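Below are structures written as structure tokens.
Next come two complexes, and both contain chain A; in the first it sits with chain B, in the second with chain C.
Let's turn to the complex of A and B:
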């Protein structure tokens, strides 16, 4: 218990280096190219349970905002102890980039204040690096003292229950924070990404959510229904007909729960959900639709899933409203991001 | 309903017949045109079907089918499911080098990885070649036609010294390894 505490409080690059370098050679040998494809979405997951150990104030920054998802390769020489320094460097970089090509400063919005902070407790295992939250506020040139600053952009790097084999195979100077969520103008996102790319020698790529991930999310959220009312289960499909057909499908929460529990009864797995159950759940919804409209939803692509606990779109945007269930969602997204890692 | 058999009819001289099976009917026509246009020396007949088994009504007029190509679009689950159902209706004689799979959309990031994995397992367990194709561009379709033609010429017996069984033992898809390293059949 004591060791776990110290590991979460101190920056992980300092603590873990000894253990990592020990385990590194062993695991590195195991990574033959044939086996790397084994890094894939698992076939069963734990049931979501509520968590309260994350600071609610920090969670409030994350909840109710639509985040655009990207994946990031491991950051080289990123240290959680130097966040203040990073704040200064990034704000200087943004100002410099904004002033590029402008002879005389115009417009009031030239000052940017960047704040890096750590969100403690958003981890599952000791190996997960702590979440880093970045907030960019604009400072109008003639602001009145004490007036509220406007947050123009925010973003965060996280890793929840990352693949241990993968993380141990990294050299000790790398920090794996594979999931990057952003909210704000694209221009600032591009600037932040280019700063990180230069500073930490990493690479960003878009993270899209395929239909099996969306199905998992739908099942995980439906599973939460008795504990906290999901109010509705909305799904959207896109069928490749001529012209393309968008279908939106709303299920009453009680019906969704009845279907889900009728599927769950057959299996004895108490605290886990298997991919088979998720498939059967979706098949049940699809066959109900087929009975009414004679249309095979499985011929199309699932584009969106939405409950009162959150919503996700296949182009890689997600909004989490029910923050008590944030961990299973982030675990799923971390896995997705890690699947994109070049190995 | 009738099941086609590879050796129940006599072959015609200098003729090759291919059957394209696709549930959606998106790629079939373009691919058929491309195949017919590319081959000049041999009479190529392309037959199209949405699924197997084929209807019984034209049974007598139907020529011997030398190659069955299953077109699978990874973007839709239904495409994979209907292919699996059609495969059950196919005569076992075809699996001796007269079946191949043509997959589209494998590069699309929105496609779940499990679909390709299960298709590879299917092709691997049936010892059939798996071809990847691009269906959006004309170059992609003509490349796919070229590849299908190569296999068709062999399986129709138009290439001396090579049989379909021999070719497919060289080009068949290997069963992907599972995470624990064991091969699943």
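Let's turn to the complex of A and C:
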């Protein structure tokens, strides 16, 4: 104990005399700006509000499609101004990769057209990078004039209301678009990811949605019920019995809303929803189920949540139908993706 | 090209050389020699098989032909393990298609015809001519064409094949062959091959056979080349391409190429240090834990055209690195640098924080995905995982510090680690982490480690103490290296946690030493003072005792009583000897600190209490080992008289003197027997006076250097003349004045 005191009381004469204590130059560089930012799941969120400033045509690409979610580390030297170039490079890359190897399948349908575009306005703060949408169409050799091109794959990178501290700590060469959603064959997804990995030195990983995120989504969508009818609230659980038991639980929208508003009334937070309320909401639903079937749903895992505004599955797929409420959902998913960042 | 990509031939020449010179080298182990002999034999049998197949006469019976069987087996083995060299492909293809030994054997040969590198065009051409002879049964013809299609990319040139385009085209009329011939034509067709009569023929076939996809594909290709010749409309959407590849050949080919590539890479690795291996494709899709290959960046447009750059992937030798040090372009993926030792040299002198951030992102994500997020943990201790972590450890050792990503990963991983998975690797990485600020050291490091420590086996405890010892050594080394560099700018480091003052560093070191003191005290108790654990603990204190002199760290921390006394009373001489050595080092450090303080008037605040504690320990050691006054008042370790009397040990005060100490008892007996060989009764008490001195000398000769150092430094022995009593041998405990 005594020695400890002596250590802390050591005068800083050594440092003053020009001796560096330990801030080695090299180690400094191996330290990274983002590393001390403690990312935490927030305990409260804003109430969802409708948005109208996103181009509906571009939103239509995103709505009503089941997206597979991934997280991606910040993209190095990604430029929103070079999308045309990226389009060309990626399509060339895909064709080249498809023909790599020995005895590859040949045929006329080898052409791909890749289009990168920016979805303007899908941001919350000025720090958020604009969403980038990628569409890959097959290019048949003998396309009839005017026939619709077939989109074989689409995907988009987004960041809505990303953690400010985190993004400000990044050097300017990095663009943080942590959420990557894809729809299409796995083989093309793998090719696109590998192109991005090599081009922007980033890392992709799967993004699964845990129970807490699904609960948040359920609460957010229920909150929207008075403004736009959610029609139903469907939940699915998986209970770890032998054999495993899948339980599907559909709640009448009005009942769900009544439960939710009764919880909301007790709370004083006007424009925010707290995690406590969400928990109580789920607890209410679960205890209702228990009263009828004598089964504790909380012992299982929430696997799916579904309303007419959208659906989400725990393995990392999401479908957004009510595009007017897209922002709060994406905020939630951006948070999830940012929590996966290694540093 | 041909000679290089022909492993079997290379190997043959190699092994024959070795065989001639091998016998002269007696040093070579018999196993290697045997292996090479075997390989040489295999090569011989392969060559003789080839000559057999090139010379065998037509009509030779194949049933119960043992010679044929043996040669077939030899060729097949080579073909499926390393592929066939080009001339072997020619010989075997000729043998097979000429049907010299009948259809069955021919088919069998064709089925294992896997080339190692290329297929000579001439061989294929001869095959086509055999096809035109029209002797082969249909199934054989189809098999051959499929073989050509599958191996098409390996045919060394295609000009002569294109020259016989017309001959090949003539086979489309045969209905069974048609799909395969169309495929082959699709691969061969150039603009000049598209002729009106061929288009007509195809259209005629289409009329006969219906709109078959293979005909459509070929026609569409014709239409692309000459839209004016093919006026029929094509469907906008066609079913996917030809599916005529033989998967058995394809997979055999892939296996052969994989093995030859890895051989190639291992050669490269020897010469340049490029460390790569072809990753299994399937694992790669699942986010495999592997280091990506070095490849240059794709941002070619962002580079100013005038600047000369040297892509890292072209780097082969160290002089090249030195010449181009300022032009080296970073690779597309920073992670790839970990796989190349030359790149590591470059990494070591790099000053680009973005580059390190990229590296850390990649490394952190890879580690997180593999160990923390990965749900279905099938094989986390798979060889590639071990190899990855070993590479990471060696990289960190090379750079002499750990990466941030590794550190942050370890903090999370320690909480879920079971203490056995990949233990050497995890502890190896852990020992590399940079100095942890005192405020974070407890939750990040100590708490999870303590839980694991107290719930795991003896060996785990030992390895944890060893790991912490190595961690401490690295921290101290960093301090000793960087503390004296005056010119470095402190402000550069203002954002990093490592921008800690000397006192901050000392707090961390202090915390680490105290932590080890705590866990080893309890750990020793739990493990009944196991010699192994005691030894590792003493190793740790060996580092601690020398902190001031060896590393310039103004800090002296003594071991806790829970480590000191068990070591002093240990039953194995190694521990006691090591303790003596440690106490000697403490003494040297303390004295030097004291003198430095007096000389330079530079306050090095080593507390009085440390001196007192040290003196206390020395008194206790001396009275125990030397003065036979153990357990008595004023000797450090006091035990109540009633307890001692209850133990019923006679002369308990002398039980731990040098002659009676359990660690040295065997030596004392040995010494006694040497001194008085005629004495029948053993009386160790007779070792006194000059015999005591002799005994001590005797111990010194048994390589107890620690004991020697301790005795010579801490005991002020009055060099007693003859016959003086043991008491006069009074030693004075060390006088490191407080």
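FYI, the second predicted complex is superposed on the first by the 301 of 343 C-alpha atoms of A that agree within 3 Å, B and C clash if a C-alpha of one lies under 4 Å from a C-alpha of the other, contacts with A are read in each partner's own complex, and residues count from 1 in each chain.
Rule of thumb we're sticking to: contacts are C-beta pairs under 8 Å (C-beta built on N, C-alpha and C of every residue); 3 or more make two chains touch, one makes a residue touch a chain.
Keep in mind the model is a prediction, meaning the values are calculated, not measured.
Touch criterion met: A:300 reaches chain B, while chain C stays clear of it.
Touch criterion met: A:140 reaches chain C, while chain B stays clear of it. Touch criterion met: A:173 reaches chain C, while chain B stays clear of it. In the superposed model, A:131 lies in contact with neither chain B nor chain C. Once the two complexes are laid over each other on the shared chain, residue contacts for A:212 go to chain B alone; chain C is not touched.
Of the two partner chains placed by superposition, only chain B is touched by A:314; chain C is not.
Looking at the shared chain after the overlay, A:323 reaches neither chain B nor chain C. Put simply, chain A uses residues 34-35, 206 to touch chain B in one complex and chain C in the other. Listed in rising order, the residues of chain B touching chain A in the complex are 23-24, 26, 75-79, 81, 109-114, 117, 176-179, 181. Chain contact summary for the complex, chain A toward chain B: residues 34-35, 37-38, 40-41, 206, 208, 210-213, 240, 296, 298-301, 314, 339. Those residues of chain A whose C-beta lies close enough to touch chain C in the complex are 2-15, 18-36, 73-74, 76-77, 82, 85, 89, 102-103, 105-109, 140-144, 147, 150, 170-171, 173-174, 186, 190, 197-199, 201-206, 340-343. Chain C meets chain A in the complex at residues 149-154, 183, 186-187, 217, 220-221, 223-224, 233-238, 240-243, 245, 249-250, 253-254, 257, 285, 287, 292, 295, 298-299, 301-302, 332-335, 348, 350-354, 356-358, 360-369, 373, 399, 401, 403-405, 408-409, 434-435, 478-479, 482-486, 488, 490, 492-507, 509-510, 514, 554-557, 602-603, 605-607, 609-610.
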